[in-house]
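Presented sequentially are two complexes of chain A, the first with chain B as partner and the second with chain C.
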Partner chain A sequence: MPEKILKIDDLAVEYKNKGKYLRVLQGINLELKKEEILALVGESGSGKSTLGKTILRLLPDSARIKQGKIIFKDQDICSLSEKDFNDQIRGQEMAMVIQNPQNALNPVFKVGTQILDVLYFKSKKQKSRKELKKEAVEILKKVGISDPEYRFGEYPHQFSGGMKQRVMLAMAFISNPSLLIADEPTTALDLTVEAQILNLLSNLVEEYQTSILYISHDLGVVAGLSDRIAVMYAGRIVEVAQTRELFAEPNHPYTEALLNCLPDYQKTEELQTIPGQVPDLNNYPTGCNFHPRCSYSFARCRQEEPRLEEIDSEHFSACFLNDP
Partner chain B sequence: MALVEVKNLKKYYVNNDSLLYKLANKGPINVKAVDDLSFEIEKEDTLAVVGESGCGKTTVARSVLRLIEPTAGEILYKGRSINNFNKQELKAFRADAQMILQDPRSSLNPRFIVEEIVSEPLYIHNQIKDDFNLLDRVWELLDLVGLSKRYSELFPHELSGGQARRVGIARALALQPEFIVCDEPTSGLDISIMSAVLNLMKKLQQEYHLTYLWISHNLHEVRYISNKVAVMYLGKIVEITDTNTIFNNSVHPYTEALFSSLRGINDDWNYKEREIIEGEVPSPINPPSGCSFHPRCKYSFAKCKKVEPELKTVEAGHLASCHLYN
Partner chain C sequence: MFIYITKRLLWVIPTILTVLLVLFSLSYLLPGDPADIILGPRATPEMAAELESRLGLDKPWYQSYLIYLQNIIKGDLGSSIFKDRSVLKVILNVLPYTVILTLAGMGLAVFNGISIGLLAANYNNSYFEKFLTMISFITASTPTYIAGVLLIVIFSVNFNLLPSIGIGDGGLLETIHHLIGPALALSVGWTGYIARLTRSSMLETLDQEFIQTEKSFGIPRYYILYKYALKKAIKPIITVIGLGIGRLLGGAVFVEVIFNRPGLGRLIVDSVNERDLPMVRGGVLVAALLFIIANLIADISYAYFDPRIRQK
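Our next item is the complex of A and B:
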């Protein structure tokens, strides 16, 4: 059994809205193994980014952790002070890449300078600028940037979207983190560039033995990237399974419906749709969150909340159909 | 006769304030957004245009509807040149040919409620007889796109992304068009909403015999919605044929590279082991010599750097521009 790097235990998070706290995440249980890529998929507003931000302590002031634990390498990181978290965890043990590298790179400084800063910090301010510059150029080369010496002196706006995302990955991996949280890092990229970045990411994971929580709404992307998939719906994880198994034998009615909606070049049948809409934060239904849209729902679904249970080896689902 | 014929369309943007221009001081720089493009769309067909960002898809879409003036070339609608339309003909064309945009919310007037947004084209084209059946017509249109009556009173900011897109579709349908240009109509939508929009567009096409020019970079969607595909690279069509052939027997190396990124969720594959085309799309300001794909093409040979290949027939109904084939 590979060792666990992250364990989330019955986590609930709330956002304050007009003076009232609303539940965004509820009953989240999730484990991430060493060197594993776990994809977190779900439709817009389901709470994927909120979960990522909770782990990295990037939630806005209007949010609070209502209950639960986040165990990272046998340590409950929720109980760490802000300072300890910053010193020990963020940017060291955990890193993040996000959708918009534009916002993550500072437009006023040269790309090389920004990499140097991270390296300088990592070397505990010991190494000389010259040594570090050599390292930085090496890093640019490694993430596939041609002409690295020349690119070192350029500004972010002179980089294409794909190149910026390469730089972001390079910076994230400098500290050799145990956990990388990637929040839709390829959404703004072209198809061929997206494939390049995901190929790079897969190789970096192998080389640095990093675990990744990969947030995405694109099932096609995660099909070629992740070891396992966790499906979110309205603030809850409804199903977790090995990637191939989830696609071949989805258990939860929401996962099944989602797969039937997805256009796929091999599919010949009509696309299905899911009636109704994703519920609003301030309007979560009673019982199973999916019941108003579920074609299998029955009386119990409106009254009780199903829990995520292991229905098969390494396959979890939160649905009363498994528990008649 | 094809419903739409595009002949040798060129659209160059003049870029005066670029740094390159100032440094070189060699006169204004032409951005060849679309460079000598020809294709036809038969009635009730869906021609999908695919390609990476900046290759000129939106420029084609806007030219075909005469929302921008081409630098050169001709566009025929029902056999007549849209650039020679007089005022009245242009107005009729504006009713007949509609557009559905990528970013639905920014294309809906934020100060109007849905009822006003959907009925506005009817006013502009004087199709209103009396106010009574106007609301009926709006409800009918909303019903067509699967929105209930209550949505007619909402403002755009009160709609979800999928609803806003449906309002855009209802508005485009108001004047009973024959031809609709859809510029990435599902991008940014959630899966369940995307499938609803795709099914809706398919149903409307069958019921009202619509013809679509469908711009997309989602190849799965293209397979589902289109019967013809044009692949663009740097302002040019590099391959065009029916959808089946593009997916099963394409010939152009760029098509091959683009479609090699295509995998179904039930295929067994991963990004780690996949062969992936290198490099990014070059800038149209300074496109490579000869075949503009040559720096990324794994088949390129001496001739490719010097001579630009022409779009030629490979077999009946299948055109490609590559020296390997002519």
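Our next item is the complex of A and C:
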């Protein structure tokens, strides 16, 4: 059994809005094994990005962790001070790649400067930027940037979207993190570039032996990439399973509905949608969060909240249909 | 970069021509007959005719405008009606005092304003930030003349720390000692303004995604704040500094009068009172030039702070 790198235990996160706290994440339990790619999927507003940001402590001031632990390599990282967290975790053990490469790089600094600074602080200011430049150029070459020496002195606006995302990956992997949080890194790219970036990502994962939490709303993308998938709905994880199993035997009605929404170019029937919307943070339904949109719902769904339970080996689901 | 600067420089020409046209038309736009206004009711027709020919009012306006332009290009701003001295010489005599005062005032405003703004952005949503915001509001809404009088009352009259009038005997320490009060008075309004602008621009920048990226890669907070965010946030501040030079030149009038210092502002005000038309024209022209130069420097420094402008 491969060792666990990240374990999230009963995590709840709240946002303060107009003096009231609104829960954004609730009862999150999740494990990530070493060198595993775990995909976190769900609709917009389901809390996927919030979970990623919570792990790296990038939440705005208005958010707080209400309860729960985040255990990274046997250490509860929630109890670290801000300074220790920055010195030990960010850029050392974990890194993040965000959705929109257009905004991910600072427009007024040279790309090279930004890469060097990451390396410089990774080395705890022990090495000079001159020494580090070789390393930086090396990794740019590795992520497929041609003429890296020249590109080093250019500004972000001289790079295309795909190029910027390559630079982001270079900056993320340069610190050789144990865990990479990839928040929809290909959503803003066009399809051919997306394929290239995904390819590059798989190669880098193999080379650096990094675990990835891959946040996406696109089941099609994660199908080919991830080892396991966790499905989120309205701030909760509703199903976790091996990728293959999830596609073959989805258990939760929400997962099933999501899979039905995948377009299939061979069929000519109309696109499927899930009726209704993700519930408003102010106004969660009682019982199971999904019951107003669920075609199988019955009385108990409206009264109790289902818990995530193991229904098969390594397959978890939170639905009363398994326990009528 | 070169093209950008050349373009900015070329734009100066029409700006100056417009300023000159407005200044020239002063003598036509002022109500009444200029010679009458300047000389007063006791003027003889001979005196009036002589003045009119000196001001070029005896020729059609376009001829006289061309002569005016020619003289300006030669560096001749005419001579004062009363003092019988070259306008250029009088202006050059007082100009250094105004330039030093404006630069010192702007320097203080920029340094204090950006410091307060950065602190406020860093400690956003705390009581300290509310305190700083209050200070910004108070300073931003204090007129220069009130600040000047208050400074004299507090530091010159009550504590006897700063001189209240004059410019000193010319020694460096004396000059600086005499500059503190006036420069502070001049800077007060802009300190608050720049502080508020810095705060909002920094908060806006800190909200952007690349700041999160930098944070997620383990770059320390102080480094993000003072290197990455500040350089991105500084653009609107520079614009305001460029425009502010004009406002400060205006404020310098009050300061020069209150602290009894020689200077361009005071010269223009005195000349207006004396209806010394050539002197007013010359003074305003030089003030406009200072303003144009300040904005030119601001525009060119954008290119340093924003690489996207450099390539345009």
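One rule holds for everything that comes next: the second predicted complex is superposed on the first by the 310 of 324 C-alpha atoms of A that agree within 3 Å, B and C clash if a C-alpha of one lies under 4 Å from a C-alpha of the other, contacts with A are read in each partner's own complex, and residues count from 1 in each chain.
The definition used in the following text is that contacts are C-beta pairs under 8 Å (C-beta built on N, C-alpha and C of every residue); 3 or more make two chains touch, one makes a residue touch a chain.
Everything numeric here is computed off the predicted structure, so don't read it as measured data.
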Combined model on chain A: chain C and chain B, fit or clash: fit
Contacts of A:Leu56 with chain B and chain C, given as first, second, both or neither: second
Partner chain in contact with A:Gly287 - chain B first, chain C second, else both or neither: neither
Contacts of A:Ala95 with chain B and chain C, given as first, second, both or neither: second
Contacts of A:Met168 with chain B and chain C, given as first, second, both or neither: second
Touched partner set for A:Val108, first chain B, second chain C, both or neither: second
Partner chain in contact with A:Pro306 - chain B first, chain C second, else both or neither: neither
Minimal inter-chain CA distance - chain C and chain B, angstrom: 6
Residues of chain A that touch chain B when the two form their complex: 43-44, 160, 162-163, 190-196, 198-199, 201-203, 206, 217, 219-220, 223-225, 244, 247-248, 257-259, 261-267, 270-274, 277-278
List of chain B residues in touch with chain A within their complex: 52-53, 160-161, 190-192, 194-196, 198-199, 217-221, 223-224, 247, 257-258, 261-272, 274, 276-278, 280-281
Chain C partner contacts - residues on chain A that touch it in the complex: 53, 56, 58, 61, 86-87, 89-92, 94-96, 98, 100, 103-110, 114, 117-118, 121-122, 155, 157-158, 168, 171-172, 175, 181
Touch list for chain C against partner chain A, complex: 124-125, 208-221, 223, 228, 231-232, 305-308, 311
